[in-house]
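Each of the next two complexes has subunit A plus one more chain, namely subunit B in the first and subunit C in the second.
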Partner chain A sequence: MSTPHPPQVEAARAMAPEQPPAAGTPRRTSHARDFGRGFVVKLILMALVNALGVYVVLAAWGEESYGIMWSMVAMLVVADYVYFSRRALPLKYIVPGLVFLLAYQIFTVVYTGVVAFTNYGDGHNSTKQDAIEFLLISNERRVEGSPTYPVTVVRAGDQLGFAIVNADGEVRVGTAEQPLQTVDGTATDGVASEVPGYEVLGRQEILENADDVTALRVPVSDDAEDGSLRTQDARNAFVAKSFLEYDEEADVMRDLSTGAVYTPSDEGYFVAEDGTRLQTGWRVNVGLDNFATAFGDARYATPFFKILAWTFAFAILSVLTTFLLGLFLAIVFNDPRLRGRKIYRTLLILPYAVPGFLAALLWSGMLNRRYGFVNEMLLGGAEVGWLTDPTLAKLSVLGVNLWLGFPYMFLIATGALQAIPSDVLEAAKIDGAGRIRTWWSVTMPLLLVSTAPLLISSFAFNFNNFTLIYMLTRGGPRFTDASVPLGHTDILISMVYSVSGLDGTAAKNYGLASALSIVIFVIVATISALAFRRTRSLEEIN
Partner chain B sequence: MATQMRTQVAGTRAGQRGDVAPHKRMSPGRYMTELGWRHLVGVVAVVYAAFPLLYLISASLAERGTLTGSNDLFSTVSFNNYADLGDTLFWTWFGNTLLIAGITAIGTVLMGAAAAYAFSRFRFTGRRAGLTALLIIQMFPQMLAFVAIFLLLIGLGNVVPTLGLNSKIGLICVYLGGALGVNTFLMYGFFNTVPRELDEAAKIDGASHAQIYWTIILRLVSPILAVVGLLSFIATFGEFIIARVILQSESNWTLAVGLFGWVSDLLEAQWGLFAAGAVISAVPVLALFLFLQKYIVGGLTAGSVKG
Partner chain C sequence: MRRSIPLVAVALGAALTLTACGGGDTEEPEASEPTAEETTETDGGSLTIWVDETRQAAVEAAATAFEEETGTTVELVQKNFDDIRPDFLAQVPTGEGPDITVGAHDWLGELTANGVVAPIELGEASSAFEEVAVAAFTQDGQVYGLPYSVENIALIRNTDLAAEAPATWDDAVAAGQAAGTEYPILIQMGEEGDPYTMYPLQTSFGAPVFTQNEDGSYKPELALGGEAGNAFATWLQAQGAAGVLDTAVTYDVAVEAFANGQSPFIIGGPWMLGSFEGLNLEIDPIPSAGGQPAQPFVGVQGFYISAQSENDLLANDFLVNFMATEEAQMALYEAGGRPPALVAAADAASADPITAGFREVGSEAVPMPSIPEMGSVWAFWGVTEAQIVSGAAEPVAAWEKMVSDIQGALDAS
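Moving on to the complex of A and B:
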């Protein structure tokens, strides 16, 4: 971000005879000779940016995240160029926002597209290499006939570890991340009693962490083939080794106990000849499978098409109802003789000024079947299932959205009505048009022209009005015939949320969720493009 | 003519009473058909608009903090629910939300205004393409990509934990990613209405581009800065899906995530708490909104929607 130069420096420069302000190419002092306040501030800011950037680069190097590392390097180079060169003037103003836009919006949209063609999700969380490592670790079994060691459970920071005494009387200690190593500890009766750098846990503490202790595996050495030290009772430890073996050359997984051979499949699993597969898979490209699932697999396609229809119905009806009510009220209050118009307006926009999520939560309580205000007070205790009956739930969603949205429409309709020039209306009157004729042939078309872009935006907003749906009904009531947790008031975006599994109600399926996001992208983009082409808002660019 | 004159004079002299004069001369029937029914509609509409909020205030003051206990409006008035908020994480959430929404709003205004200035005042290669790209990006709400955002933050978090999951700074950065897309266009239009002659005059007087930006343009476009800042604050204040996905530990939650948890978990028992929390949460936004009402109305018609 560029900062102003102190006025005196600028004034001095303007007055300096050797610097006539040449037209077209403003000549300025080189920054090397211009140590004004603005330059110092810029220098400090850039130093901070560079320091942070180098920190990120080094951290990414350490974590071997080369994508992040190179992106950061590129950003630093660009930032330094832009702010220390005199050629990139416009970029000085665009770069800060552009960096965030590229990282968090453009990249994520592109990445959504990439994930949509993979099977990323539960069971396919990472690369093949990670999957192999995980399989080797998770399929461990005690090596038959191997000795047991009396074990001491120790702790360093929040890391648990094991300490044992080997045959030579040396104390060896390790944690999940640190393989066993010999340390200068004290052994009493063949049990490690003091380990430098570690705190020895007492019985009580071991009991409190029982699950962590039995799950802990301390690698015997850096080589995973050597197996790891485990315990089941926190007294005796044994060496466990994986009964799976990965054959790198043949790229197959062998089960040493049964002799079965698992080969990698296109779906990202190791599969044996008889069709059994190892549980952990990896991420692979599945082409259009996710889209085929969304449109073709009955488990998803049936709810998907219902939800698609309801999303359109919801968005269109929301715009229509809110606009009609808003317009009606705007007409009612568009009489200059009416007193208290300001008070009416202030009170009417109250629902709009309340954060949307609060309003949806508030209505979810008021519409509660048994205890809600609407049923208990207004309907005298009738247990109407406003949010639990499929049809009523849809009506309720629309009703609540009407309450939330009409003030906005009221405001824009009022603005549009007042912007209609009165001479046009007078001309219509002189030409002999009646009230109704004037309304239909003059006012209404003018009104629609000025509000159409806003109605399109409103449609696009409601098309993705996740907050309202999720806070009010959570998409419910559930489809009784669907195996996935989707419901009658779910719209596409809330379906994406359920399918992604990030709320914990279903298995994670990032691939399918991203594919559905892409579908929404396409729908919204098509509609907006068509609509905006008609309203020619692109003309503004020139 | 003479009567008109008199009314006008009366109007200037007696202020308010001038408006009353035409009504008085209407017959009651005519008054009803022309103005009275408008008041009727107005009252009905105001009841419709304001009643749920009245109910909310009443529920927050109810002694028994249950849903049923809230149905008799203002039957009891106690501040138990408000006091009980102190035993919960409500104030932490409140602080988190103000912090996140505040920083996001400031960042959005700064970055959006800078970009709008560049597009409005400089002519450079790629300007047209940039504007078109922004117009297209505007159509894609950021939250649609929440899965990718979640995955990106897992990756970033491995490298820099402050930018990763469960970090408020990480969430703010995500929100700032949406800053250019949503607001630059709105600001760009407004910047164009400031005459270029002003910059040119300043330039001739020796002002640098940065001085022109910070000391001249930004002051002239302050209404749109207020609108964009406010809209961004309100949108971030109520944003749910990304906040829910990113902020995992309860002490990092925002109000939207936290209050949703109260209502969805134990609707019946925590209703009073929710109502009290909702009243307090609505206050900052409501106050800003009413305070900046006239700017917002202008900003809305310039093409923005509530987020």
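Moving on to the complex of A and C:
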């Protein structure tokens, strides 16, 4: 469990130009307007922002990413308007945050939403154009048994051509329109070096026309059945034949050897009448199909409910255990009679300093059944299946998460305890409240006011704590009664990872993954919203 | 903000790959922009190649030769081998991918299903390669990769502990027990099993994973069930009960134990050899457990060309004319220790008896299936084997359930 700092806040701080804290009265002019030091600073910062923005616009232009280009132009215009206009004072504070919100959150959420309605995944990786291109190149094959020739690339006018030397030592040349014919050329070492009527291209010129050279097909004879000469490296040419043809007008693929006609289907494949399909498809919109698949597969019915229950248990228990331990330690270390509190506190925060995925990996090694530190050193060689027994594995996951998470709770509980004004506690004492009564009626409610929102977000975080599960158990041990590769410690998000094939155990399906992610998002968002509403009642205490 | 972390993680994890997720928090939106080094210039003369750490130096040598002869700039981008496949799939359609990438042959099914890889015409050069290497990169008669190494597992024997190669599995176990070492024979397994290492023993019962066409390619029809599969499962359970196979033995445990002389035999590949320096080794065929030949999987490493490469002419030139040479293949062999795919280079490398031994075993091996259906098999295969060995499941029932589960997964996709 880690607590990253909100990037937008810091970035916003860094980005926000020097601004007076308040608008002031109309008579007082802003420091950033009177051409004083503040204005200069603002000018420099805005110049930097503009320079960066223009660079991105140009780079996007060069890459033909017009979506990025136009959104960047729009952002620049807005930023310049906001910081040089007199009317947009509140926006000056909000804009940096908004920009980061847009880039980090709204974009990703919208993108996930868009993908959820497509069949993006294995077999549907790119556009129809790309699929057609690939099908055509992969179905153009070398004519079996045909030889390869060292090739010379030649040019007549603006027509490119190939010249080869055949087995009899004759020089043969042709272009896209002119099939190969024997000419009176010169051959050196089996390579055509001079061809009358044609200019022989050097390496540099070939590279300049690389696309045309690889696209060039020189018919071997007048009969198209004989195939055509082509080259991939401009050094050797071979005779190739296409087995597939794309008819642009009718938008169909034709198999030239069998005559089968493949028409594009709604699923993003070329399909023949008898149901056979060409293997490479493209991305299409599939509407709500992904959501239907997500809940329609009977194989997932039983494991799904087990996993759902465990996900809730894991998230709730993780928050409870870490909070209780953190709180307990915070109370203990908050006692002024304890010496060396600072050292203890620092030591306690150590687990928090270890990256979560690393700690989980370490623990998975330490909990190994036979060679792990815990069994070998602490338990004297007992072969306890910490990660292989269903119940113990769940306890281990909770235990490791407790180890990872309590320092965070300890920190916030310490902060919250110290923020409780001592006069309130004194007042309770004077009113005759005992220690326990003071704790339950004063300290605890005041503590919850400041920590409850953090507990809710901690719940949401653990609900999707993919790193811990993946690094510690990979969801194992497997269910023995299910027909899908899921296990006892899988939570919803790691189930999504497996169901959609992102772990490599099935065909990848980003569309399905996105659809399921949205479902999880709805669950977490609903619970969080309800919980936040409940905590508002706490705030009334203040 | 706490609430938004999982949100971002979910969104990114779903929309992008998991690798993108790691850096997602600190990345500025501009950072996803193509940086200058990733883009390839179209003025003819630059080539971008993805390599991993172990192959970088060797490819660099060939690239230098190519640069000198043709005046092309070759840029090598070092990536984690595990990241290459998903990144290649995701980036090629956007035009950001490399011209060439290093890769394994079993990616082929996925790469062609997604249309991100271009065919390579090896021409006359194709006969200069080991047959299995070219076959592994072939689909529907079209070659999609330039092979550079062929690797497989074999029985590695510590000659100080066992003087003779065992003929059968039982011989090996008996010889191991006679040697008086801690383990009679070492096979890595782990709690999730290791069907790749276990495969030769499975084939020795006559239960290959898929049925093979006549040309050696696989069709998506499961063949690992039936009587032969059940016999293998029963054998697994017996070996587990006897303590010969153990799910607690992972790769690290097995390699360390063998290096310490705790067993005369280990089933493994050339990648382990670095840990065995100082031991007297010999490479033997894997002993048969079920009576039929024990055929391990062959993995072929090679180079793929992107279907969207704007420099396909240079890319083909580089691969066919500069990487298919004995010199380049030997450099790759020396860098990674994987036996070369080019026959001439493999012959030269066979001067080393260890490499020759692996090559000998490899000549009997079968290519690992590259059809996309293979992914569904891995998911169930190893775990079931581990459950049988550890005694957690009844062998025949578990094996039959596994076969029907895999069939279910194949039918669902």
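Quick note on the criterion: the second predicted complex is superposed on the first by the 277 of 542 C-alpha atoms of A that agree within 3 Å, B and C clash if a C-alpha of one lies under 4 Å from a C-alpha of the other, contacts with A are read in each partner's own complex, and residues count from 1 in each chain.
By definition in this document, contacts are C-beta pairs under 8 Å (C-beta built on N, C-alpha and C of every residue); 3 or more make two chains touch, one makes a residue touch a chain.
Values in this document were obtained by computation on a predicted structure and should not be read as measured data.
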Which superposed partner A:Gln279 touches (first subunit B, second subunit C, both, neither): second
First, second, both or neither for A:Ala513, with subunit B first and subunit C second: both
Partner chain in contact with A:Arg369 - subunit B first, subunit C second, else both or neither: second
Contacts of A:Thr388 with subunit B and subunit C, given as first, second, both or neither: second
Contacts of A:Ser193 with subunit B and subunit C, given as first, second, both or neither: neither
Which superposed partner A:Pro90 touches (first subunit B, second subunit C, both, neither): first
First, second, both or neither for A:Thr321, with subunit B first and subunit C second: neither
Partner chain(s) touched by A:Tyr344 [first = subunit B, second = subunit C, both, neither]: first
Subunit B versus subunit C as contact partner of A:Tyr104, first or second or both or neither: both
Subunit A residues contacted in one complex by subunit B, in the other by subunit C: 3-5, 7, 56, 59-60, 63, 65, 68, 103-105, 107-109, 111-112, 115, 368, 371, 454, 457-458, 460-461, 464, 466, 474, 493, 496-497, 500, 502, 510, 513-514, 517, 520-521, 524, 528
For the subunit C and subunit A complex, residues of the former touching the latter: 1-15, 17-18, 25-26, 28-30, 33-34, 39, 43-45, 70-71, 89, 92-93, 95, 110, 112-116, 118-121, 123-124, 140-142, 191-192, 248, 253, 307-308, 310-314, 316-317, 320-321, 372, 375-376, 378-380, 383, 387, 390, 392-393, 398, 401, 404-405, 408-409, 412-413
Residues of subunit A defined as touching subunit B within the complex: 1-5, 7, 10-11, 13-15, 21, 26, 28, 38, 55-56, 59-60, 63, 65, 67-68, 89-94, 96-98, 100-101, 103-109, 111-112, 115, 120, 329, 332-333, 335, 337-340, 344, 346-359, 361-366, 368, 371-373, 376-377, 403, 407-408, 411-412, 415-416, 453-454, 457-458, 460-461, 464, 466-467, 470-471, 474, 493, 496-497, 500, 502-503, 510, 513-514, 517, 520-521, 524-525, 528-529, 532, 537-538, 540-541
Subunit B residues touching subunit A - in the complex, by the definition given at the top: 19-20, 22-23, 34-35, 38-39, 41-42, 45-46, 48-50, 52-53, 55-56, 59, 66-68, 70-71, 110-112, 114-115, 117-119, 122, 124, 127-128, 130-132, 135-137, 139-152, 155-156, 158-160, 173-174, 176-181, 184, 189, 203-211, 213-215, 234, 237-241, 244-245, 256, 259-260, 263-264, 267-268, 271, 274-275, 278, 281-282, 285-286, 289-290, 293, 297, 300-301, 303-307
Parts of subunit A lying in touch with subunit C, wherever the complex brings them together: 3-9, 52, 56, 59-60, 63, 65, 68, 103-105, 107-109, 111-112, 115, 122-123, 125-127, 130-131, 133-135, 137-142, 148, 203-204, 206-208, 210-211, 213-214, 232-236, 238, 240, 279-280, 297, 299, 368-371, 383, 387-388, 454, 456-458, 460-461, 463-466, 474, 476-478, 480, 483-485, 493, 496-498, 500-502, 504-507, 510, 513-514, 516-517, 520-521, 524, 528
